[in-house]
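Structures follow.
Look at the two complexes coming up: chain A is in both, with chain B in one and chain C in the other.
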Partner chain A sequence: MKSGNKTIIGLKKAVSSHDRQYLQFCLRAAFEEGAGLNDIKSAMISGLEGVKARLMSNDFSIPEFLLCVDTVTSGLNEISGMKDYSSTDKGIRLVIGTVDGEPHDLGKNIIAAVYRAAGYDVLDLGRQVASDLFVREVINNDAKILALSAMMSTTAPAIKDIIVEINIKSPHTVVLAGGACLDRALSENYGADGFAESAVTVLEETQKALQNQARTKDT
Partner chain B sequence: MVFAAARRLIGSTYRKFALDPEVAADAQIAAADFLGRKDGIFSGWTDLSVEASDFGQKIIYPEESTPHPDYSKPLIADVIGYSKVKRIDIKKAERMQGVLEMQRILKQKARGPMIGGFCFGPLGVLGMMRGTEHLFRDCLRYPDKVKTGLDIISDVLAEYVAAQCDNGACMITLDTLYASWAGLSKRLWEEIEGPFVKKLSGIIRSKGRMVGVHNCGQGAYFDSQIKYMKPDNISFAYLPDDCSSPSELKRKYGHKVTLTGYVSTALLMHGTPFDVTRECNRIIKELAHGGNFVLAPQCEFPPDAPLENAIAMVKAARYCPETLSD
Partner chain C sequence: MQFQRIITDNINTSRLREGIYKKIGYGKKPDQDRTIIRMVDEAVCHIKKIRSADAIYRTLPVTGTSKSSVTTAAGPASSRKLAQFTRICTSDPEVLFMIITLGDSFRSIDSMQSTMCSKFIVDAAGSEMIELAAEILMGHLKNSPGFGGRDISRGFSPGYCDWPLDGQRLIFDVLDAARIGVCLDQYNIMLPSKTISAICLVSEKMLLSSPCPLCPEKSCPWRREKQLYNY
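Now for the complex of A and B:
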């Protein structure tokens, strides 16, 4: 059974107002209405999309965005324990982390949350991740995407080394780079397939990189 | 502009540069000689971890990278922790004393008379002790608790900036990173950190020194920072939140503050001197007309970037038509 329009709007509103209690209320209402897990998941993700748009237009700040992400994550955690959850769309497998020596993970955490909320299957390796661990986890999990973050100019060169290895050992994996010390030119110089400038643009950039890769395969 | 990168000129590690005032001073003097500016402003500063370290935050000092907090051991582990921040005596604060000592050594040894001072803003210091992500959430959920911590920290920083002024620093730069789109909302920043940096700026001014602001966040709030700190100089990495072009930035703020920026970190790391010169010329053309402009990197000159690119910046500033005509 489809959930009511009111419940869907409620779920979106709970996300945009980062109100976890209201989200719980709406989730209960959606379950009672017999809403499908995919619909519930889509409603929460769509709520976060709206928040992202407001962040882009300076109507929302990063701290508010973080609280909205927390709200979606709590909702996703709640439904992920349900027995039908395994039948929901799993999403594209993605590995993410900050490179070796890089302790600053705020940006990476925001990006990971955005990916998760957008339905990607995220494996977050955390911060200061050894280069060979990135490569190993990409191969072991057959990841379609690898997202690498470096905030300091002293740690950024590790991105290049990881990409060299990935291109040899898992050439089908798309690599995105991001962080304060990078720009598009430097990311390309390192061999990345895309540059994640911010949480606002990362999903579009990822889609573009995936499409480019598909095109390259076709030709 | 060349801080930690200068360590390479004297064969020092980053760790030594951060922890040994003599080494840091020697590196600065070597950089000034290398860049051919014997009458330049010397940076009396090493890195952003100085203040948080003295409050008791555990800092990691990699041999060849920037010192940073051990984020697995934050000094402020929960919101209660803000009220537990201890007021410290700066005379016993090892790292702040190290910076003050470095400034004294520079004054004695250097041929140039001017030394710049630096202080990480109180919210930045708190971010190092709590972790930025938690701090951001706390600013929204528990602003009063955050302010309790800021109150104690800014009292100590007030003594620290006063000591730098007394040391002879001509300008003290306050780093207010979170006054930007990448940090707090404008309203929240003005509520949370604005009043505290206003106090620090007032102390610097009362000592007859200039106030500088450094903010390398995206979409920095120039209007709010000017409102609270009345700076002489703003060093920036990106256009402010209320300007859509460099010409608008110049028109709106060029007569209020000296604009300082904004050569890309990425370009300095991997561009050639030719690329850097071309970019410097572009920026000079955009922002130098009429004066009130200092060519500088977006943030500090990248610690491992080729030093030829620093020379390219100095040459571009020295020989471009805009500079010569002014």
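Now for the complex of A and C:
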């Protein structure tokens, strides 16, 4: 059964105002109305879309954006335990981790949370991940996106080696690179399809990289 | 080698709070969300429960400088900028090696955080706290009899500017870091987190407190704007 428009608006509003109590209230209302889990999930995710626009126009700060991400995460956690959850749209499969030798994972964890909250199907390999493990997991999970994080100039070159392997073994996978020591020029030099400068731009950049890849395929 | 416990109880709460806001992306007078204000206040409370930071330090005379390194009995620190900086010292400089850490206490605070936002804010609080503790240590050293009122430059850390990260080995060769519970992993990363390692130059008089004003890279994110010695 379709959920009421009011409940959908409520879910979106709960996310954009990062009000977890109100989200709980709206979730209960949605369950009572017999709303589908897919509709609930999409409502929360689209709530985050609105926030993203405000963030891009500097109307929102990163901490506020993270509060919204945390709100969606709590909602997704709530519904993920339900028996019909496995039948919901999984989203695009994405593998993420910090490269070999890179222990700084706060940024990667934030980006992984942003991706999850935006509806991606995230496989987080953690930190200091060996290059061959990235390649193996991308292939085994048929991941459409690989997101690599490196904060230090000493660990960043691993990104280049991983991309070379991915281009050979899983050429349809889009690779995004991010981290304090990188900029767009260096990411491109490493062969990345996109540069994830921050949590603010990562979703936009991912969309662009996916579109570019689709365009390349078409031509 | 000297050991120093820095009592962090007296760190000014407003300054700590201001530093956290700056680190999480707000200006000096932020227009924050009420939830963020509460979370920053909670982070301040948590981080202030770490009552002290432990430091070890030692000075060694400079035995030689080349265009690209500064050498002590422990070996060379390979940095062109640091070598350039020794030339503005008015007397034969010494190198101060130091490590300061919040210890394991930060990890337990960090692991208590259940949301991305609180982790982000607590991480900023830990960074601000250790930076303020390092500032207290430098002030203490500057006024201690062992330094005889000499000037001490700002810290120069491996992995920053043009000093490669493997410079950590030099600092850890000089100092018994295990005494304050700090170690290096195979990638030269210090454990636990919220630890600072650095070397400083010590000289009778220094016109600058860092080599930044001598450096042409104006857009460097780590550039220290103040041109004159200002400890």
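One rule holds in what follows: the second predicted complex is superposed on the first by the 217 of 219 C-alpha atoms of A that agree within 3 Å, B and C clash if a C-alpha of one lies under 4 Å from a C-alpha of the other, contacts with A are read in each partner's own complex, and residues count from 1 in each chain.
Convention: a residue touches a chain if its C-beta (ideal position, glycine included) is under 8 Å from a C-beta of that chain, and two chains touch if they have at least 3 such contacts.
Not measured: the values here are computed from a predicted model.
A.B. asks: With the two complexes overlaid on their shared chain, look at chain A and say whether chain B and chain C clash or fit.
C.D. replies: Pair status: clash.
A.B. asks: For A:Ser61, select first, second, both or neither according to whether it touches chain B, chain C, the two together, or no partner.
C.D. replies: The answer is both, since A:Ser61 touches chain B and chain C.
A.B. asks: Applying the touch criterion given at the start, work out whether A:Ile168 contacts chain B, chain C, both or neither, answering first, second, both or neither.
C.D. replies: After superposition on chain A, A:Ile168 lies in contact with neither partner.
A.B. asks: Is chain A touched at more residues by chain B or by chain C?
C.D. replies: With both complexes superposed on chain A, more residues of chain A are touched by B.
A.B. asks: So in the superposed three-chain picture, is A:Ala156 touching just chain B, just chain C, both, or none of them (first/second/both/neither)?
C.D. replies: So A:Ala156 only meets chain B here.
A.B. asks: Which partner chains sit in contact with A:Ala113 here, chain B, chain C, both or neither? Use first/second/both/neither.
C.D. replies: second
A.B. asks: Return first, second, both or neither, reflecting whether A:Asp183 touches chain B, chain C, both chains, or no partner chain.
C.D. replies: first
A.B. asks: One more residue to check, A:Val69. First (chain B), second (chain C), both or neither?
C.D. replies: Once the two structures are laid over each other on A, A:Val69 reaches chain C alone.
A.B. asks: List the residues of chain A that touch chain B in one complex and chain C in the other.
C.D. replies: 61-64, 66-67, 70, 101, 103, 106, 109, 152-155
A.B. asks: With touch defined as at the start, can you tell me which chain C residues reach chain A in the complex?
C.D. replies: 24-26, 32-33, 35-36, 39, 115-117, 119-121, 123, 159, 164-165, 185-189
A.B. asks: Quick check on the complex: what are the chain B residues that touch chain A?
C.D. replies: Checking each residue of chain B against chain A gives 14, 60, 62, 64-66, 68-71, 132-133, 136-137, 139-141, 181-185, 188, 216, 218-219, 241, 264-267, 269-270, 302-305.
A.B. asks: Which positions of chain A touch chain C when the two form their complex?
C.D. replies: Residues of chain A touching chain C: 18, 61-64, 66-67, 69-70, 73, 101-103, 106, 109-110, 113, 128, 152-155.
A.B. asks: Mind listing the chain A positions that touch chain B in their complex?
C.D. replies: 58, 60-64, 66-67, 70, 101, 103-106, 109, 127, 152-157, 180-183, 185-186, 189, 198
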